[in-house]
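Below are two complexes that have chain A in common, paired first with chain B and then with chain C.
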Partner chain A sequence: MLSILRTLWGVFLHMFRSRETIQYPEQNILDPPRFRGRIILSLDPDGQERCVACYLCSAACPVDCIALQAAQDVNGRRYPEFFRINFSRCILCGFCEEACPTYAIQLTNDFEFSEYDRNNMVYEKEDLLISGPGKHPDYNFFRVAGVAVGVKGKGESENELPPVDVRSLLP
Partner chain B sequence: MNEILLHIIIALVVLIGAMSVSASLIWLERRLLGVWQDRYGPNRVGPFGLFQVMADMIKIFFKEDWIPPFADKPVFVLAPAIIVAATLIPYAVIPFSPGIVVANLNIGLLFFLAMASLSVYGIVLGGWSSRSKYPLLGSLRATAQLLSYEVFMGLSLMGVVMMAGSFSLEAIVEAQRGLWFCIPQFAGFVIFFIAGLAETHRLPFDLPEAESELISGFHTEYSGLKFGMFFVGEYLGVTFTSLMIATLFFGGWQGPLLPPIVWLPGKTLVFICLFILIRAALPRPRYDQLMSFAWKILLPLSLLNLLATAGVLLILRK
Partner chain C sequence: MVTIHIDGLPYEVEEGQNLLQACLSRGLNLPYFCWHPALGSVGACRQCAVKRFKSEKDERGEIIMACMTPAEAGVRISIDDPEVAAFRKSVIEWLMLNHPHDCPVCDEGGECHLQDMTVMTGHAYRENRFKKRTYPNQYLGAFLNHEMNRCIQCYRCVRYYHDYAGAGDLNVFASRDHVYFGRGRAGRLESGFSGNLVEICPTGVFTDKTLGRHYTRKWDLQTAPSVCVHCALGCNTIPGSRYGELRRVRNRYNHEVNGYFLCDRGRYGYEFVNCDRRIRAPLVRTSRGVEQVLVSTEDALKSAAAMLSERRKVIGIGSPRASLESNFALLRLVGPKNFHAGISDKELEVLNLIRDVLCLGAARTPTLSETAEAGAVFVLGEDVSNSAPLLALNLRQLPRRKAEIAMAKVKIPPWNDAPIQRIAEFEKGSLYIASPCATGLDEVASKSFHGDISELARLGFAVASVLDPANAPGVEGLTEKEKIRAGEIASALGGAARPLIVSGAGCASLALIEAAANICTALGKIGGQPQIFFALPEANSLGLALLGAAGGLETACSALRSGRADTVVVIENDLFRRCAEEKAIALFDSAKYLVAIDHLINPTTSKADLVLPAAAFAEASGTLVNNEGRAQRFYRVLVPEFEVKESWRWIRDIMRFLGRSEAEKWHRLDDLSVAMAALNPLFAGLVSVAPDADFRLAGGKIPRQAPRYSGRTAMRAHIDVFEQPPPDDPDTPLTFSMEGDPRQPPPSLIPRYWAPGWNSVQALNKFQQEIGGPLRGKDPGVRLIEPIPQARTEYFRDVPASAPKAEGEMSLIPLHHIFGSEELSALSPGVAELCPQPYVALNPEDASFLGLFEGALAKVGVEGLTCCLSVRIVPSLPRAVAGLPVGLRGAPVFELPASGTVVREATDE
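Right, the complex of A and B next:
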């Protein structure tokens, strides 16, 4: 009986505590740095598309919401001819970001992208591309690895030795 | 002629007042539960979220009013009406201030107890006519619970009746002019409060509708306005039990300074808030615990209280 009264008093005292609720539209919600929100495509520091249309994000996507078509420019650099994410399917799991070898596809903190028309949830490449490098400001895939596609010459990438002249390798 | 008109006006005001107060309890309860759980509760619609009541009403009006094909249709429709009617009628005997009462019955208290027993029918028939297992289990529990708690609900009030020497609520309020009955009849007050909680099947005695085990008990199959009537019936019961506690044990409309018409609603509001606080704080007991608590503890206690009151009164009279 006494414990019941103590419980009642304890609950009553909660009246004077501060509230846990975040009044969302007026008050901003917490903004954790690793939040998984709306997906974007980023550019490398030289201002070119990072995406090399390897299809890894599309393959990793558990709900198959990413569609793209690879193409090559005159230098032989691969890029997506179209890149389409259906956000009405997307579950914001972030697997595509983990799969991406070039840091092109990234998840942002934005989650406020409701639409009245379902078709508006399908984002095309123009909608996805942003004008900067996103979370990895200094990274350029082609300066570290990959084939020469007009970005660098042979043997000029970081941590790469100059090419060996096989004809001079005489005993 | 004028007297009849006055009576009609009083009756209408009490009816409308009771309905609107119990409707706004939806808001009050959600808000207070929020406050006691460190959140805000509904605060979006209108000032302090007050229009939430209206929004809830509109929503429930436009819900599909569906009667399951396997239900016993006439009884199914009748059950919520019985609950609301049986909890609304006893409002007639409450004296709101001197002279303002719908029907000054000389057996007002008995009338209230009779009507409280009638409201069991609403629950039993509601559960039975649904013809599905969880409503039936809920109404089974409700029957046993309400019947056993009614036994000493009546007994706990007999001390008050003995002290006032009357079953009329006006006489009982008058008898409390010197000392409120909550002091000499403290045991009676506590027992009546617990029995009132069980009678309105509010938490922690909400076993008839225990969500975690019976979906929502006797009104599982109800939807739309019929469900709304069960809902309003529950809040009518809460309001009425608080009114009865204030009238029988806390001096009714009596109090210093403020006019009587302020005192009774004020006291009632305190007890309504206590009802909600108990809901916010206490967990539900097991069903056998509930029953043994009623028969093994509260019934002997109320009999003892009755005996002691009678003895003291006898000694004082000599």
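Right, the complex of A and C next:
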């Protein structure tokens, strides 16, 4: 009997607490910074595509909803010829973001992308690319990698010595 | 077998191995870099360290390199000892000091031995704060990318390319931590075996450039076991496909055939499958002179039935590049009497003679891997480095074998590479070469001799008569020099264990093959154990000969002209490559209808009244018979688009349309094998070539896709978001899916090399019984020809006479090129870059006599046909002999060898 009254009292007190329910869509949601929503592809600080088409996101994807094809530009820089995410399969787990070695693929706060037709949930590279570096404003993979692909010369990366002179006999 | 103790457990290992091999053979994981089963150990990378204990009581032990220590009875070692594990971890840390931050853009990533070994040792963070060393790269040609920053200085590339493949243009330069692996000057790698560097290099210094253009990671490739279609050796391959396109070809280990290596023609010739000359739908021409039009399969079959109805007299022209099943289906469609081989009568005669020599057993033909073990080798009239490249690579190891035997006397094991290589470098193999002009093997040969084909044959006959003077036919009119030469070769062959005679169809000469057979008969009579090996022109040449054809192209031509036939069915064959253009046109013009089943648009299919799209090797399953008579099954790697299907399926459908009851039973590939085995006792072994289509591993089919195959729900999403079930594959026990038992399938069905922790090609260790030995189970393929030893004791008695040539007469001989002489590979862009332009090769003295020089135009005339070719001076060519390249695009087709004329082309100036 006492416990019933205590419960009723508890429920009664809740009437004076602040509301947890948000009146979406009239009211905007303030979601946490690490919220995992719609996936985007970002650009590096030089304004070029960050994605180097390494296939790690597609390999990490548990529902296999990422398909891409690598291509090379005249300098040998790798980029995705096409990059497709089937959002109708995507579970927004964020494994692709974790796997990405260049911070190209990122999950955003946007989740408002429902469609009546599943075919409209298939996003191509044009739909995914944004015009900035996203969450990681400074990182530029090709400034760290050893390959020279038009971004810099051999041995000009961070933490690199100038190229060895193979013909030198000096010790 | 001896017992060794590893981490306290006893293991039975083969004596004479090194400890690294022993550990790997027993399935233990021990990291390594510089050691390779084909190259031996040098102990350079210090990665395979283990701890050896003196006795059971010894607890301190000493750190040794497993690859440099023989596995002797009672050895006690530890792999897991913390001290040695820390040692290995620090070794890899040193190796990784300068390794760039490249893995995402490195083509080796995901199948990198360095990645695997780094994970295996547990090294994860780079603690070195100093800067990384960098190198400039070099351009290495159309096949390989060079990225020297990734190098870990294991020396495998030089040991393979320089020491094993014997090419001089890649080496190690500079000193200390600046050592550089590359060419003296940037340029294309000259060896025909450069592609193996991709698999030899434990990291991404050398990567596949053709794969890089349509790059796909290993886990995303759909792979299946296959067989190389670019020569007759039948090397086993693993082609990989993605998005319906063939992406690369990798080596598939078969201990009895190709072992660890492929030639560049086999590795890079695959791109013809993707080329824009593919036929994807049936084409019909309603009447001669109008364009071919696209039709549906139904309509195509209807017109085929109309063209091939009972009222017509149909002949079939098979192909040495089509599978056994396709040729057999054609043979059944037209009947054995109307089945023609699709090569000239002369070539067929040569092929049939080779078949008879192999079947009737003058000597056993060795497997490709056994050729490297021969005591002495005599190459008679064949340029094996161009017509059978991997055989040349094997014969190149003869000096090394000699050095190994010499070093065994001082107890240096064969895997100890440094001392053996030091001796082998200055050693010549017991290799004797008699060929029309210099070959790539001359530098390792004890003696090489160049002459006209009849001279070579006479030398062969002379060797036989020296070995068995009483019975073998003698050769009249030999010079003293020739007698000495024959005597020397005879004594080398007679004194050697398992002497090997290599000849082939390269010169299209019956006399050469007869001479080779005679030497074997003679060696057999004096109590030796001779072996004979024939290099053949195409992937299924011997299969075609075993099927038995009524004749070659000339026979087909005369059947059409005489009215005994009026309709021709050609499968997978471009007749314009097989005979002179006029002859081919005449053949087609005298036929009322021409039905062509092929995968490429070529002059033959352009002439056809009905073209049916055939599947290329990667899209079809079938069987090929290699030059030793080994039937091997290849499996489809990708599902062709549109209406492309195997030639035999087209023929089956036509036969069903015509109401032929026989074809009703042909539901899948195995049904044809059974039919072939029932009709021809030679093909009895076909049914056991590979497990049949009902084979299941743990109740499931074997997956063509790796467990980590990606993009399944997105690759087709732009067409339709709903996923399709995997395509059906009734012919094979493999499936186009990633679902299936992860255990190792039988050797003939291994779709890829992978084992937990071993993502690179080195995972192969886990598939072999002993490292470097046969695969677990049995090596793929069944030898259809196992002759009764010494069944043949008769000699061939037609010794060619040495005929003096008339004034101005030249003997024209065929010359083969590794790149260019084979039809399909020449369509791949990388290979096409290396194909020479048509030329005529002349001896310098002949050239100056004719007033010709390198690059000048000469008019070559054979039997009324003439053409203009630019001159190439080949000093090793004998006088009065001109060489013409075979099979080059744009080159005229002559029937060689022949006698003809070469004159200077009059220019207008």
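Everything that follows uses one rule, which is that the second predicted complex is superposed on the first by the 162 of 171 C-alpha atoms of A that agree within 3 Å, B and C clash if a C-alpha of one lies under 4 Å from a C-alpha of the other, contacts with A are read in each partner's own complex, and residues count from 1 in each chain.
Quick note on the criterion: a residue touches a chain if its C-beta (ideal position, glycine included) is under 8 Å from a C-beta of that chain, and two chains touch if they have at least 3 such contacts.
None of the values given here were measured: they were computed from a predicted structure.
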Clash-or-fit label for the pair chain B, chain C on chain A: fit
Which of chain B and chain C A:119 touches, first, second, both or neither: second
Following superposition on chain A: angle at chain A, chain B versus chain C, Cα, nearest 10°: 120
Partner chain(s) touched by A:3 [first = chain B, second = chain C, both, neither]: neither
First, second, both or neither for A:12, with chain B first and chain C second: first
Touched partner set for A:28, first chain B, second chain C, both or neither: neither
Which of chain B and chain C A:20 touches, first, second, both or neither: first
Contact breadth on chain A, by residue count: chain C or chain B: C
Per-pair minimum CA distance [chain C against chain B, superposed on A] in Å: 29
Intersection of the chain A residues that touch chain B with those that touch chain C: none
Residues on chain C engaged by chain A in the complex (per definition of touch): 100-105, 109-110, 131-137, 147, 149-150, 173-176, 178, 180, 182, 212-217, 219-220, 243, 708-715, 717-718, 720-722
Partner chain C, residues of chain A touching it in the complex: 52-56, 58-59, 61, 63-70, 72, 78, 84-86, 88-89, 101-102, 118-119, 121-122, 124, 141, 144-147, 149, 154-155, 157, 159-169, 171
Residues of chain A defined as touching chain B within the complex: 4, 7-8, 10-12, 14-15, 17-21, 23
Chain A-facing residues of chain B, complex: 35-40, 277-278, 280-282
